[in-house]
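There are two complexes below, and they share chain A, which is joined by chain B in the first and by chain C in the second.
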Partner chain A sequence: MSDNSEKDVHQYIEHHLHFLQVDLRDGTVVNAVTKDGQPCHVTDILTFNGCKAAHTSKDAGPAPLINPHTVNVDSLLVSFVLGALFIGLFAAVARKFTTTGKPGKLQTMVEMAVLFIDGNVKSIFTRRSRLIAPVAITSFIWILLMNIMDLIPVDWVPDLAGLLGVPYFRVLPTADANITMSMAVSVFVLMFWYTFTRKGVMGFVKDITLHPFNHPVMIPFNFMLESISLLSKPISLGLRLFGNMFAGEMIFIMIALLNTAGTFYTQPLLSVPWAIFHILIICLQAFIFMMLTVVYLASAADENE
Partner chain B sequence: MEELKVIGAGLMMGLAALGGGIGLGVLGGRFLEAAARQPDLEKSLMVKFFLSAGLTDAIPMISLAFGLLLVFGVF
Partner chain C sequence: MELNWTFIGQTIEFVIFVWLCLKYVWPPIMAGIEQRQKEIGEGLEAAERGRKSLEVARNNAAEQIKATKKEVAEIMEQANKRQAKILDDARAAANEERLKIIEQAREEAEAEANRVKEKLRREMAELAVRGAEKIIRKNVDQNTTSSIISELVAGAKR
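Right after this comes the complex of A and B.
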């Protein structure tokens, strides 16, 4: 591989892994320029002025991992659109719900989804709660819809965005650690809400100090053990989804890289089998996120534990 | 430094694949054994199998993602 093509490869990967980030301080798009070389502003994109990606050189040092000033607009946009799609679809079906006569295909599909979630939630969360089933179905269907975005061929959306003058666009929100971690943090907050309302504050304190070994001497040890296991729950929940979807997307990108040699058939030959296998991971990860949410909330709400 | 990063990423991904492979192999084998002994339970075991397969798969996948990030990504 010559030096030039190596640079191309690196640029291709960097372009596909770059989010459409907007700096909130001055409204500029990170790492992008307009046609005449000025820093790209949000209004340039909204007025179809046309921006293109401008890669910073590696010598400038890596971007900071945590950056409170930028917002990943593409992940937020796609996830909001898909959330609205889910709520709109299910609400429309629920409003037209009929028990007499033959149900339509859409109603049957929604009914299947609801019954599937209902059965799984009932087998794990044995107490009464009006919140748990909506949380479960929202997380399952929403994550499923977001994960399905991975099956769109990797070049379509960034190229289409490039034609419209948008420098970067990543269509898979669950490959953004911000999205998955914020969902995990929401589950974490719900865990505290269930613990405090069902067991009270004292119940929570007893939970984390007297749990494995019920003896006053062991309180510091118990506290350390229980706080680690408590904190590891949201971290593993969010990183599991992120890791799976990011790795899957990365493999699609690497398969696409094989095309640079001028063999147009290598990409479909490899990415179609991987996409078919990936359907399993897409459904499985959405299912696991939903099940673990229910399991964690059930253990947080269980007074006997 | 760049070379060390690649070696580190290779170790991360390779060891993760090793562990994940062993774990999923044991899990699948035990599932088949249990299903052969109690065919009635196969359906409820299937759900638990997929759940634990996802849990087993998680840590290797996290390691794989961070390995790929180390090579191509931001660090």
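Right after this comes the complex of A and C.
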């Protein structure tokens, strides 16, 4: 950022926060044009035809909360690659698991992760369930890997994508509310599944109407209270992760903006401490998501609750 | 913030990865860990057993050494006693032998003395007779005198 004018700052931030969005109606990339000024199509990117960021006439008015026409290709791609990395790595270790002799370092690492999750799950989710531990370890390792993407220097991926003719690329999937809310809602659905299979529909109805005041008169009040507390669970679960990672990314972008031609040292000076601190947040948020998932599912499955 | 198809896509990914984890990751790793925990537990138990049997063997050895020492001491004592007894016996036998020899020597000496006495008596008697003969030949009847001598000799024998 040599020229630090207001317009450039605005553009820089917008570019870094823009997803590689594809409009599913016509296959065009949102807010991107080809070299000849035509709307950029997915095939242009796949054939390395070269697209660049630009506002088009389509981009009018405020963005709706729910857009049924687009998909964030970058978030989905990165999350898929990282999920596949997790499953591939762990499945490879599981396949070659040796119980005789000295285990390798990779196996030891995987074992530590598995035992860590197993200990946490067993201490909270006291009922037997085959599903709970895989859900917990998948969400923990996967979110951890996705969060770690935040440590890649903030300009590398968008600039590299630009060189390859990809107009936008956000490498941090957990800074996409779609990703975090999707996982939170998946957990929410699992909560209902656990409640209905462990307590039955009547158990669920009792849960939501007879708590915290077990009296017929209080049923409307209980229902209101319990509905809010139930609905707040997926929202807080998803938005907590999203908010933390988005804010972390935003601060990296802000620090990058301080880096003018005269003060090239501000970015390393500020972003390195922030990155070190952010490692804590990365691990903590992955851990919190996993723990809350287990806690919510445990309370949904526990007949005594 | 804009919710779009990414939401659905991520849900599908989540379901797929959880399912894969449930099928190919968690159960085999857990089974492996449990298997090894079992093996380690068995190994530790075996080591404990080995340690105990070593202790037992050590105790046995110590006991055996103690018993052997005791036996040796007993044998030594017996040997000492036996030696003393043999010495005593030998001493007693030697003493007896000595007494016997002394007794024999005394008897022999007595017999010799008796014999010498007898001989001396005879010689004296002869001498006396001869002396008397000489006297009598010079003086009186020989017969009367010799009876007197015989009487003298008999008296001297007693």
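Methods note: the second predicted complex is superposed on the first by the 292 of 305 C-alpha atoms of A that agree within 3 Å, B and C clash if a C-alpha of one lies under 4 Å from a C-alpha of the other, contacts with A are read in each partner's own complex, and residues count from 1 in each chain.
Operating definition for what follows: a residue touches a chain if its C-beta (ideal position, glycine included) is under 8 Å from a C-beta of that chain, and two chains touch if they have at least 3 such contacts.
The structure presented is a predicted model; accordingly, all values stated were derived computationally and were not measured.
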item	value
Clash or fit (per the criteria above) of chain B with chain C on chain A	fit
Touched partner set for A:Ile13, first chain B, second chain C, both or neither	first
More chain A residues in contact [chain B versus chain C]	C
Inter-chain angle, chain B to chain C through the CA centre of chain A, in degrees rounded to a multiple of 10	80
Touching partner for A:Leu284 - first (chain B), second (chain C), both, neither	first
Partner chain in contact with A:Gly243 - chain B first, chain C second, else both or neither	first
Which superposed partner A:Asn120 touches (first chain B, second chain C, both, neither)	first
Chain B versus chain C as contact partner of A:Phe48, first or second or both or neither	neither
Smallest separation in angstrom, by C-alpha atoms, between chain B and chain C in the superposition	7
Set of chain A residues, in rising order, touched by both chain B and chain C	63, 65
Interfacial residue positions of chain B with respect to chain A in the complex	47, 50-51, 53-55, 57-58, 61-66, 68-69, 72-75
Of chain A, residues touching chain C in the complex	21, 24, 63-72, 75-76, 79-80, 83, 86-87, 90-91, 93-95, 97-100, 103, 110-111, 114-115, 118, 130-131, 133-135, 137-138, 142, 176-179, 181-183, 185-186
Contact set on chain C toward chain A in their complex	1-11, 13-18, 20-22, 24-26, 28-30, 32-33, 35-36, 39
Contacting residues of chain A [partner chain B, same complex]	10, 13-14, 17, 62-63, 65, 120, 236, 239-240, 242-244, 246-247, 250, 284-285, 287-288, 291
